[in-house]
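Below, chain A partners chain B and then partners chain C, in two separate complexes.
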Partner chain A sequence: MNVGDTLALKKSDLAMFFASLAHEMRLVAPKRRFGGDVIFDVVESPTQIAWDYGHDIYPPKRFVLPHYEDLFGYRADGEVRFEDLGEAPMQAIVGIRSCDVTAIRFQEKFFSSQIVDPYFKARSDNTVLFSLVCNTPPKKECFCICCDAGPYLDSGFDVELTDLGDRLLYRIGSEKGLKASEPGGHMLAPADGEDRAERKRIELEADSLFATEAYLAKAILFISADEVPDKIWEELGSTCFRCAACTNLCPVCTCYTVDDRREDDGSCVRCRSWDSCQYAGFTREASDHNPRPTFGSRVQRRFYHKASYQYITRDGRHGCVGCGRCVSACLTKLDLPSVVKRIRRSMEEYLQPLPSGEVRP
Partner chain B sequence: MVDTPTICGFCSCGCALYVEPTGRRVAALCPSANHPVSTGRLCIKGWNATPALAGEHRLRTPLVRKADKLETASWEEAISVTVSALKQAEPAKIGVIGSAKTTNEECYQLARLARDVIGTPNVDCGCRFYDASLIPGLLETTGVPGSQVGMDAITAAGSILVVGANVMDQLPHVGSRIQDAVENGCKVVAVDPRTSRLAPQAAMFLNPKPGTDLAWLRAMAKSIIERRLYADGVPEMQGFEELVSSLDGVDAGRLAEQCGLSAESIAEAAELLASNPRTIVMFGLGVMQQAESTATIKALADIALLLGGKVMPLRGQNNAQGACDMGLLPDMLAGYAPLPDGAAPGLDAARMLRACATGEIEALLIFGENVALSAPSTQETIDALGKARFVAVADMYLTETAQLADVVFPACSFLEKDGTFTNIERRVQRVRKVIDPPGQARSDLEITAGLASALGSSISADPAEVMAEIAANVPLYSGVSYEALEESWGSPWPCDGAAPRLAAIPPGILPGGAAEPVADPDFPMRMIAGRINFHQQTGTMACRSPILAREYPKSFVEMNEADAEALKIRAGNLVNISTKSGTLTRLLLLSEAVPRGCVHVPHFFGGDSPNALVSYQPDPISGVPAYKACAVKVEAAG
Partner chain C sequence: MTLTAARPRNMWGVTDNPSPNLYIPMVAIVDEIIDETPDTKTFRLSFQDKEYAKTFDWEPGQFVEVTVFGAGEAPIGFASSPLEKSFFELTIVDRGKVTRAMHRLRKGDKVGIRGPLGNCWPLEEMKGRDVLIVSGGCGLAPLRPAILQMLADRASYGDFWLLYGARTPADRDFVYDLESWAARDDMHLLQTVDVPDDKWNDNVGVVTILFDKMRLNASTAVALICGPPIMIKFATIGLQRMGFTDDRIVMSLERYMKCGVGKCGHCCVNHVYLCTEGPVFTYKDLLALPELKL
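Take a look at the complex of A and B:
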């Protein structure tokens, strides 16, 4: 086996294959919960994996950037002592969607540029991503196709699985993926021409099935040039419920805060948890000055990160993978496709010539 | 690992969320996608719930006051001190105040502890300081002491009247559905002295003077009847004649003017609601804490009934509905059953507190309600608690109330116990223990059963057993069982059988039926007390969340620029807001949303509460103190 190989895995061997891998690392996969909810979680047995899981809400990013995470402990009674509490278990995230793979690769880049984040790096180094191609978009809110992040990938995965009916197409994308293929390697066979043709057919069909569109290009143009009038941002901000679900559930968002927690024994723990640019307290400075004082300005900030040239230049892509979680998690309509649409429409209005025939400056 | 979902314990929406424990801490939290309320979404408080509950100052052991200091004690000692204090008092001089934040099972057993074990009629819950006025108000009109509709009905509504509720901030899932409704063509009429964040959704936003709701509602009812805007069959409804005659001689124009509105705008609002059927009438604490809250609620129910619509009271606390359903009330038993023949109602929570000062109440048990801040007139309340011979408090933290207690029991948060909550749509939902309580903390159910046992009675501390007992004794809950709640998200208790009747809307109790009291030249402004998005109740939980507490680090008030100019104060100045009951000092901000003559005083973290300024003057029917429209003086501080 080599990186770049395209193989096939029989579905009847699937549980056995991942059971062999489970000897090497823990398996994180979509699991069914109460009332049909699906959440990525540690599975004790591959039989718990909900392969046909459809739609999940809580992005698997939490296995590389935990929602709440203890970083280190310290005592300050007399001599100051530190204890590293970072955890980085070997893990395979199995069944992860293409959009979430793309997002984790984005985060890896972010957390290793300039200052390397050791906690994140240790976790992501120990994580193997087994992505699953979406033969059909799992929910109507999906728009990865507009974000170059799915429904299937050319690269970025460690292993990519495509459901071909009675078997899975198995593509090895990296050295990590190659190594993780070894324990069950005897169950993998070379893929044949029919398998590849079937995969091609699935790609074409999947591409045609998206219900949500986000014509980002024009919006990126307006947002990057700071041409969207403040009035539009403030109108958008006025409907915000300030819950921050959009950033919590965004698989790309990386912002966090730290708190020190005092334990019963008097020691302290530095805890990191997800934070949000949508909170006033996130950008308020010690002097009380807030560079993002209004809800509209914070919505603008978010979209500047999600859809502007500056970040495309810096990170190689815009900060959205089209997973659709902001669509289903927002209490109002401040998800990316809706905001992009509102910006496009209001800009069309805004850019109309004035009644005098003049064009706006 | 994330296991089974539980129900959020902040507001009454009742979202399902998943929590992943690691030891005593929480590692993850997310909403349920398939739950009928949360539908994959949470509000800011839901998302930040866990740090609020796992704060480092959680009580871990019981405390007993010794030589005027609260000292760590064992459970045995705390219970035995409490029981001997209870035995020394006549039962009629003992009061029990429960919490609308605790589970149905805890509320039910607490009411039993009070009535059956201690033998006192003085039992009530924290709703007395919030929304208990809806019980008499709605039982006598719609016949349903709660919402008649579920969350789904909001998105399908043709029109919605929202009175006295900052719904976008306080009940985000209701607010979100109102936005969806508007997108579907629903017409919203919002009525609030202060323009709230509902304004962008509202077809009409009326700003009456604070405290004048009863008066403009009379004008609106009159307008509906005069213009025959009511639904088919309404003239045959019970109470129609009485309603019509109670409005005889109402001069809608004069009334509207007294409220700061016009007769035309009231008529226009009535027509807008009537011409968009499937009307829902919503009202919040802005109504339920007024001087004549019960009468105002009846008038609102009349508007709904006249238009063939439904009523949805916007209750604040997560289990306000359940606590009342369970009979934590001085004048009704579980399921709103009447007291046995000849039994006189006990004192309500507000009266119990005041009775501590006169010696009528000698011993008080308070479970999970921070009365020192939630009751009016903070200094008076604290003094009264100081005069009680014995006070025991069960709470998660050493609250302002617990600091005054003789015995403090460390209680569990909603993540640390099993039970059920009943949400705003009457849905009975399963609360599950997902993390272990800190130290020796126990659930209120265990504490209640422990006290009963020490008093020589046995009551169950097993939530499933208690629910089976509730289901057997309370007809509204007859369909509820833990087995069934393992299979589904639970359903609203039935309300189809209720027979609605229209209530008369007589003029208010003010002399000459005036819409508002004569202005006191010493206290010329009106206080609009409310909550900000990040706050909840007295802040016991919310102020412990670093992110929630971070949003507004300084407490403030808001005023209209013209008023500030007249008083020669500027934005950023410190101002004193005072009444005869007390003074608050806050930072002044200017806001166009606040009408002239008013000052908006948000509830805030750290005990700095507008309740301190309010007197105990209650609504004459429900006993809920009049927290709203309080007359205040505003001046520069220092």
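Take a look at the complex of A and C:
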């Protein structure tokens, strides 16, 4: 077995294969809960993996960047003592979609650029991503195809699985993926020409099934050049509830806040938790001065981070993977495809000559 | 020659870290507390680990994240002379949760320090030029290391002007320094207050009124600015009128900040992280950031 190999895994061996892997690391996978909801969670047995889950609303990013994470504890009575509380369990995220794989790779790059974040790095180093190609129809909100993040990947996965009916196509994408393939390696057989042809057919079919489109290019131009007037941003922002569902459910968003929590025994724990640029308090200073005081300025901030050349240059790609979760979550359509469309349309209207024949500055 | 903000020799997390990880601070001890104004104190600190103290090297304009144990962490600029190796000072206004807790500390108490963070004033590139420093209120604190370092190497710089504005005479920080600087004949110090008291017999008004009372070669001089946003705005306009080009107007910015290492996202202005790429910028650099609406 080598990195780059394309293999096949019989579905009848699937549970056994991941049971072998479970001896080495914990399995995080789509898990069906009471009532039928599916969410990524730690599974005790591979039989709990809901392979047919479709898409989930809560991204698996919380297994590399937890919603709430203890960084270190300290006691400051007398001698100051620190205790690193960082945890980085060995884990395989099984069944993760291509968009979420792309998002985690984006975060890995961000957390390692310039200065390396030790907590994120430890977690992501110990995480193996088994991505699952979307050959079931995408949900109606999905637009990964516009964001170079799915429905299947060329690279970025550790292992990629494609459902071929009675078997899975099994591609090894990295050293980490190769190592995680070893425990159940005897169950993997070389893929034949028919398997590859079937995969090609699935790719073409998957590409044709999308209902949502996000033509980002024009919006990126307007946003990067700061040509969208404040008036349009304020109109967009005027319907924001400040609930932060968009950024919390975004698999790419990484912003966090830091707090010191007092424990009953007198010690303290410094912890970090997800924060959102959509909250007014995100930039409010101790003097009460807020450099981003309006809903419009905060919505502008979010889209500048998601779709500007300045950030594309920094991060190597734009900050959206097209998972469609903001489309499902936002009550007032401040999701990426809608906003991109509205910026395009508003700018078209805004740039029309005025009735007097004058052109707006 | 185009001036840009300078890269520092040392930056926490980029150059060697003494701490096991970059979120865990080093322990420092409060050696002395100096009352500056009714709401401002200067804390003189030294590291508990004396070996580390010897290697602790920072430059004017940089800052630290100071942990008040039990309260949290806040970013504060260095306020002492970088030539002083046995201690460093932080001048802190009692404003928020952490700074309030800081004000309750006493001599001998311990705090956590992560730093130095951020970039620095381009003092090396400014050599041979006239220097104009414009500061308002507690904005003198992050400039004080630059002033002290330049005065220690006075011959390397041209004319030296320091303009300082405060709300009232009692709100002036570093009065002991201001007195000794006023007595020097190799620099000019102009002060103004918004609201004078009975004893004040100097200028009254905002700091920009002092621009009319000075004379320097604006075609090569460099201006360093720090103060409240409104002061920065009008000082910049005044300097441009005087003939300063945008790359010779250098300022230190502040934002709400958490991690100090470019990860938490709070201090971002457009695509620039103030904590790692700032806090010092030339006005020219800032013009590339539309969010500032300059």
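In this section, the second predicted complex is superposed on the first by the 350 of 361 C-alpha atoms of A that agree within 3 Å, B and C clash if a C-alpha of one lies under 4 Å from a C-alpha of the other, contacts with A are read in each partner's own complex, and residues count from 1 in each chain.
To be clear about the criterion, a residue touches a chain if its C-beta (ideal position, glycine included) is under 8 Å from a C-beta of that chain, and two chains touch if they have at least 3 such contacts.
The shown structure was predicted, so the numbers you read here are calculated from the model rather than taken from an experiment.
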What does the overlay on chain A give for chain B and chain C, a clash or a fit? fit
Calculate the angle at chain A, using C-alpha centres, between the directions toward chain B and chain C; round to the nearest 10 degrees. 80
Using the touch definition from the top, say if A:257 reaches chain B (first), chain C (second), both or neither. both
With both complexes superposed on chain A, which partner does A:55 reach: first (chain B), second (chain C), both or neither? first
Return first, second, both or neither, reflecting whether A:41 touches chain B, chain C, both chains, or no partner chain. first
Going by the contact rule set out at the top, does A:303 touch chain B (first), chain C (second), both, or neither? neither
So in the superposed three-chain picture, is A:280 touching just chain B, just chain C, both, or none of them (first/second/both/neither)? first
Contact-wise, after the overlay, does A:72 reach chain B, chain C, both or neither (first, second, both, neither)? second
Quick check for you: in the superposed arrangement, does A:80 touch first (chain B), second (chain C), both or neither? second
After superposition on chain A, the shortest CA separation from chain B to chain C (Å): 10
Can you list the residues of chain A that meet both chain B and chain C? 257, 259, 262, 275, 284
Residue positions on chain C within touch of chain A in the complex are 13-14, 20-24, 27, 48, 69-73, 95-97, 99, 110, 112, 229, 254-256, 258-259, 261-266, 268-271, 276, 290-291
Residues of chain A touching chain B in their complex? 33-39, 41-42, 55-58, 62, 66-70, 235, 238-239, 241-245, 248-249, 257, 259, 261-262, 264, 273, 275, 279-281, 284, 328-333
Quick one: which bits of chain A touch chain C in the complex? Just the residue numbers, please. 71-72, 74, 76, 80, 82, 84, 86, 110-111, 113-119, 226, 254-260, 262, 268, 270, 272, 275, 277, 282-287, 289, 291-292, 297, 300-301, 304-305, 308, 310-311, 313-314
What part of chain B is in contact with chain A in the complex they form? 1-5, 16, 18, 25-35, 39-44, 46-47, 50-51, 56, 60, 168, 172-173, 175-176, 179, 197, 200, 438-439, 488-489, 533, 546-547, 550-553
